[in-house]
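Listed after this line are the structures, all set down as C-alpha cells.
Shared between the two complexes below is chain A, which pairs with chain B and chain C, respectively.
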Partner chain A sequence: MEQKAVSILKTALRNPPLLTLLLVALVWLAASLTLRGFGAYGHLRYLLELSAVIGIVAAGQTLVILMGGIDLSVGAIITVTAILLPLLSPSADPTGLSGLAIALAIATGIGFLNGAGAAYLRVPPIIMTLAMATFLQGLLVIVAGGSAVSVTNAAVLWLGQARPLGVPSGVMLWIAVSAVVLVIIHRTPLGARLLALGANPLASRLSGINVTRSMLVLYAMSGFFAGLAGILILGMNRQGYVGIGEPYLLTSIAAVVLGGTSILGGRGTYAGTIPGAILLVTTTALITVVNASPGWRSIMFGSLILALLLISGREGRR
Partner chain B sequence: MMKTLPLLEARQVFKGFFGNPVLKGVDIALEPGRVHALLGENGAGKSTLINLLSGALRPDSGEIRVDGVPVSRFHPAAARAAGIAVVQQELSLTAELSIAENIGLGAFPRRFGLIDYAALSARASEVCELVGLTESLCTPVGDLSLGRRQMVEIAKALFRKPRVLILDEPTSSLSAHEAGILSRLIERLRGAGIALLYISHRLNEVQALCSHVTVLKDGVVTADQPLAGIDAQGLVRLMVGRDAGDLFPAWELPRRGEELIRLRGFSSGLARDVDFSASAGEIVGIGGLVGQGQEDFLLGLYGAMGSSAREAVIAGRSGPLKSVEAANAAGLAYVPADRKREGLVLPHSIASNLLLPSLGRIAKLGLRDRGAERNLVARLVKRLRIKGETSRPVQALSGGNQQKVALAKWLPLAPSVLLLNDPTRGVDIETKREIYLMLKSFAREGTLIILLSSDTPELVHLCDRVTVFGEGRAVATLPRELISEEAIVGAAMGINPKGSAP
Partner chain C sequence: MNIAFLSRQNLFFSVQRRRNRGLNGLYIVVGLFLLAYAMLFPGLLGISGFSKFTQNWFPLALVTMAQALLMLNGGISLAIGPLVSLGAVIAATTMGGPLGPIGGLLAVAASGLLVGALIGVIVAQLRLPAIIVTLAGSFIIGGIALIILPRPGGFIPDWLSNLLAGNGPVAFGLLVLLLVCWKLFLATPLGLGIYAVGDNPVGAFRSGVPVDRVRVTAFALSGLLTALVGLFVAAQTGSGDPVIGTPFTLNSIAGAVLGGVGFLGGKGTMRGAICGSLLLSVMINVMFFLGFSPVTQYVAQGLIILAAVAIPELTSQWSRKP
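Let's look at the complex of A and B:
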C-alpha cells in the first residue's frame, strides 16, 4: 500500500504537468480552508479569468520556447493591440469583428517579423524580440501620446465582460486556445518538428526540417496569441494604455517554466503551462491578501516563484 | 622467472548500473613497457573498465591497485597523481580554447599565480612535435578537423608525462598518415617503459602494435594472454564467442543503372572543382586523408552547404541542390559521421527519431496518424534489428544501435542516393557486418551509395570505385581492379597510381 503511494508520487515527480496541477490543487485547498472568501465560486472564477490571459500569452511562448527560442516582445505586442484596436475599429461595423481581425493581423505580422529577423538575419531571438519590443514601445508613445484609449468595440467588450452560462468568455477562449495548442504540439508534424528543433537544431536540419519556415510560423503564432491576449485584457479593462502588457512578459515565461518545459527547448508541453499559469495567478492573489507594502509583495512574489520552480519546474538532470 | 610488477591493476572488479551488471569479476594488469590490447564488442564493458581504471567510477566490489598497492576511494585526481592518463573516444576538448591551452588545461604551469604562457607553449610544443601536430599552437581547437583534434587529445595526455596511458579507439577518426605517426609514437612510449592500454575495433592495428590481449565479452574476461600465435579470426572468435565468418560481404559486379549524379567543377566548402559521376546500383567510395574536403563534398551534394558547379545533374535535377528539403525531395539522404551531434535527437525517443524525416508523409489531413507511425516504427526496428524499447530515449542505446537508427530513419523515403559519412565509426564488429550487408542489399535494389570512410579496408572491400580527395580536389578515381589499401593511401599522399583518371 505504502509502496504504491510512493510509486504514484514518483510518477508525479517525473511528470511536471501533473506535479504542477497537484500543487495548484493543494494551494487552492489550503487557501480555501484558511482564508475566508478564497474558496468562493466568484473568487475562483476571477482567478481563472486572470489565468486565462497569462495562459493565452504563454501558449505562444510555450511553442517558441519548445523550439529553443524565446519571445521577449509579447508584452509590447499586447500593448500594441490594446492601444491600436480602439483606434482601428471602423464605426461602420457594429459587431466590432473587423477591428478584431485587423488587430490580430497586426500582432501576427509583428511576430512574423520577429521570426524573419531570427531566421534570415540570424539575429539571436532574445535580441531580435527585445529590439522589437523597444521599437514598438517607441512607436506607441508617438501614436498614443501616453493617454489611455477607451474601447467601444462590441466584440471586445463581450469577450472581456460576458459570462455565457456563468463561465467567463475569456476562460472559454482559453479552453479553445488550449485545445488548439495541445493538438499542434502532440498531434501535428509541426509539433514533433519543433520539439526536435529545440533538442538538436543541427540534426533536425540535416533530417530535412525547414528551420526557416518553422521559425516564421512559430513566432507568428506567438504574435497572434499575444494579440489575442491583448484583446482580452482590453475587454476586461475597457481601456488600453502604454505599459498595459508589461506584466505579462515575465509571467508568460514563468508559467511555461513552472509547467516543466525546459527553457532550453526540446522538452515540455502546454499541458504544464496551463496549471503553471493558474499557480502563478493564485500566488499573486495570496500575496495581495497579505497586508504588506508593495516592495515586500514584490520580494515575496519573486521568492515564491523561485521556490515553486525548485519544486516543479526544475531542469531535469541529464 | 621474474614477474614484472604491474603499474595498474584491477582485481575481481564488479560494477553494475541500476541493477544491471556490466562487469562481473574482471582482472586486468597493465605492465610497464607493454602495449596491452583490450578487445570486446560494444556493450562488453570496455568503457566501464576504463572508467574504473581512471578513477571516474568506483567498483562495487573488487579492488584497483596502483604499483601493487590497493587504493581505496580512487578518484580522477588520484589517478592523475598516480600518472594515469586516458585518451577518451568522445573528445573532451574545448573548441574555443587554443591547442596549447587545451593541452595544458588542468595542469597549467603557473607563475605568480597566473598562467605562464611561455612555459606552457614550450612544453606544449614538445608534445605536439611527438604527435606530429604542426599547426600553430594558438589555433583554436574548433578550427581543426576531427583527426587533428584526436592528436591534440593525445598530446594533452602526454603533457602530463603519464606512466600509464589508456587509448580508447585513438585511430577511429585518424587518417592513415596520422595513424602511422601514432603507432610509431606508441612504440616509443613502450620503449620508455610506459604501460599502455589500447582499445580498438581495428584488428590489424591491434596485431601490429600490441603484445598482450584481454578480451571482454558480456562483462567477463574470455581471454588474457600474449597476442603471439592468435590470428585475426581467432580474436574475432574470442570476442563474439563463435566463428565470425568474413567481416565483409563478397564483392559482386554492380548492376549499373541510369546515371544519377554528374558533376563538373563542383565546389562547396573545402571541396574545389570536383568532377564526379555515379550511377544507380553503385557503391562509390570517397577516401583520402581526413579533412580534405570529403565531408564538405557530401554536404554540398546534400544541399546542407552552399555549392556551385559548372555543370550539375543530381537525381534528375539540373543545378546544385539549394536545401536539405530539396535534396530529400530529389531522393537524397545523408547519414552524418557525428551521430550524437548531427544525426540524432539524443534525448528524444527511438520512435520519434525514426519518424523525423517522414512526419509529413504519413500525416493525414495535417494530423499525425498514430497507427501508421507505430507500424512504420515496428517495421524499421524489425528490418534493422534495432534492440531496445522504442519509447526509450535514443541516447540509452549502444553506439551500434544508435547508428542503425540514424540509418533506418531514411528508409521510409526510399532514397535513390544514400550519402554515408563514416557509418561504422565506433561501431562494434557485429553491427559493422550488419551495416555492410544492408548497404549491399540497398545497392542491389538500385540505390546509389556514396560511402565516405576513414576506414580504408572498408573502401577496399565494399566499393565499386573509390574517389580519393587531396586538398579539396578529387585527385584520383580508382576503378575496382585498382582498389587496394596501398593505392588509396598512395593516391592520398600524391603518388599517382597507374592508369587512373579522375
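Let's look at the complex of A and C:
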C-alpha cells in the first residue's frame, strides 16, 4: 500500500500536467476548509468561468510555444475582437452569429499575418507579434476613439451569460476547445510536426516538414483562439474597451509554463495548461481575499508564481 | 578559408565582420533618421539641443544595454520596467534622508546589483527559464516599488537634476564612459564568457568557463544598469514614480532585437543594440516633429520595427539566391 502511494507520487513528479492538477486540487481543498465561501458551488463555478478565458487564450499560446515560437499579440487581438465585434454586428441578423464569424475571421487573419511575417520575412516571432501588438494598439484608438462600446449581440451575450444545464457556456466552450487542441497536438500529423519543429527546427526542415505552412496555420490558430477568448470576455463584461485584453498576455504565457510546457518549445502538452490556468485564477482569487495593499498583493502573486514554478516548471537538468 | 591559416589579426576582423553583417542596413536607417531629425530641428547640432536629445535617448540606451547583456548569454528579462521604477523610488526616498545624495546613489546601485544577482542565482542554480522567473520577479519588484512609494513624490536635489538633465551633455558622456567600460569588461575572462555561455553553454562549461558565475554576473550587472536608469529618470522628472518604468520592458527588447541581438544567445553586438535604441528614440522624435498624433505614432512604430528587422533578412536571402 505504502509502496503504491510512493510510486504514484513518483509518477506525478515526473508528469508535470498531473502534478499541476494535484496542486490545484490541494489548493482548492485547503482553501475550502479554511476560507468560508470558497468551496461554495457558485464560487468554484465563477473561478472556472474566469479560467476558461485564460485557458482558451493559452490554447493558442500552447500551440505556438510548443513550436518554439511565442505570441505577444494575443492581448491586442482580444482587444481588437472585443471592440470591433459590437461595431461589426449587422442589426439585420438577430442571432448575432454573422458578427461572431466576422470577428473570428479578423482575429484569424491577424494571426495569419503574424505567421506570414515570421515565415516569409523571417522576423523573430517575438518581435513580429510585438510589432503587431503595437500596430493594433494604434489602429484601435483610431477606430474606437478610446471610448467603451457596449454589446447587444445575442450570440455573444448568450456565450458570456447563459448556463445551460447549470454549467456556464464559457466553460463548455473551453471543454470543446480543450478536446480539439488535445486531439490536434497528440493525434494529428500537424501536432507531430509542431512538436518536431519545437524540438529541432533544422532537423525537421531537413526531414521535409513544410515549416512555412506549419507556421501560418499555427499562428492563425493562435489568433483564432485569442479572438474566441475576446468574444467570451466581451460577453461576460458586456462592454469592450481599449486595454481589455492586456492582462491576458502574460497570464496566458504563465499558464502554459506552469503546466510544465518548456518555454523553448518541443516539450509539453495542453493537458498541463488547463490546470495551469485554473491555478493562476485560484491564486489571484486567494490574494484578493487577503486584505492587503496593491503592493503586497503584487508581491504575493509574483512569489506564488515563482513557488509554483519551482514545483512544476523546471527545465530538465543538463 | 581554413581558420588555421588566419593570423590572429585576421581572425579578429573576420569575427567582427560576421557580427556586423546585417547591421549595415540598420546603420543606414539610423543615419537617415538622424539626418531627417537634424533637418527638421537644426537645434540638434547645438550643445543644448544635443544634450536634450541625448538625455531622452540615454535611459532607453541603458535599458537596451541591460537587456542585450542578458540576451547575449541566452537570458532575457521581463523585469526591466519595474526595476527602473524601483531605482527611481529608492532614489527619491533616500536622497532627502540622512544618507544624502551619495548614500542614495549607493542604495540604488546596491539594490540593483542585489535584485539582479538574486534573479541570476534563481535562474542559474535552480535551472528555471529566465523569461518566466523575471515575469514573476516583475510582479514582486513592482510591488516593492509600490510599497516604498505608493504615489509619485519624494525628493531629488536640484543640483543633481541640473547636472544629469540640464543643459550639458553629461548623459552622453556617461554613455561613452559606459561603452568604454563594456569594452574593458569584454576583455576580461568573465566578459568573454558571456558570449561563450550564450553561444554554447555545454562547450563553454567543458572549456572551463564558470557558466553559473557568468550568468549571475550578467544578471547582476544588468540589474545595476537598470536601477541606475531609475535614478536618472527620477532626476529627469524631479521625483519618484512607482510605475514610471513600465514601458521600458518591451522597448528594451525591441531595441536589442532591432540591433541584431538574437534571442538564443551568443549572437549580436552591444553597438548594434545601442544603435537599435537610437533608432527607436530618433523615430519617436521625428514623428513628434512631423506632427503625427500619438495614435499614428504607434502604427508607424510597429511598421518601422518590422521593416528594420525584415529588410536586412530579405536582402541577405536574395543575395544568397543567384
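In this section, the second predicted complex is superposed on the first by the 316 of 318 C-alpha atoms of A that agree within 3 Å, B and C clash if a C-alpha of one lies under 4 Å from a C-alpha of the other, contacts with A are read in each partner's own complex, and residues count from 1 in each chain.
Following the convention adopted for this analysis, a residue touches a chain if its C-beta (ideal position, glycine included) is under 8 Å from a C-beta of that chain, and two chains touch if they have at least 3 such contacts.
Note that this is a predicted model, so its numbers are computed, not measured.
K.L.:
Return first, second, both or neither, reflecting whether A:254 touches chain B, chain C, both chains, or no partner chain.
P.N.:
Only chain C is touched by A:254; chain B is not.
K.L.:
Once the shared chain is lined up, is A:165 touching chain B (first), chain C (second), both, or neither of them?
P.N.:
Once the two structures are laid over each other on A, A:165 reaches no partner at all.
K.L.:
So, does A:141 touch the first partner chain B, the second partner chain C, both, or neither?
P.N.:
A:141: touches chain C, not chain B.
K.L.:
May I ask you to decide whether A:205 touches chain B, chain C, both, or neither, giving the answer as first, second, both or neither?
P.N.:
In the superposition, A:205 touches chain B alone.
K.L.:
Looking at A:33, would you say it contacts chain B, chain C, both, or neither? Reply first, second, both or neither.
P.N.:
Touch partners of A:33: none, neither chain B nor chain C.
K.L.:
Is chain A touched at more residues by chain B or by chain C?
P.N.:
Between chain B and chain C, C touches the greater number of residues in chain A.
K.L.:
Where on chain A do the contacts with chain B and the contacts with chain C coincide?
P.N.:
In chain A, residues 318 are touched by chain B and also by chain C.
K.L.:
In the complex, go through chain B and note every residue touching chain A.
P.N.:
302, 304, 323-325, 327-328, 334, 336, 341-348, 352, 355-357, 359-360, 363, 366-368, 409
K.L.:
Under the definition above, what is the set of chain A residues touching chain C in their complex?
P.N.:
Against chain C, chain A makes touches at 117, 121-124, 126-128, 130-139, 141-142, 250, 253-254, 257, 262-264, 293-303, 305-306, 309-310, 313-315, 317-318.
K.L.:
Using the touch definition from the top, list the residues of chain C that touch chain A in their complex.
P.N.:
Residues of chain C touching chain A: 78, 122, 126-129, 131-133, 135-147, 150, 201-202, 250, 253-254, 257-258, 262-263, 295-303, 305-306, 309-310, 313-314, 317.
K.L.:
Which residues of chain A touch chain B once you look at their complex with the stated criterion?
P.N.:
Answer in residue numbers: 183, 187-189, 192-193, 195-196, 199-200, 202-210, 266-267, 318.
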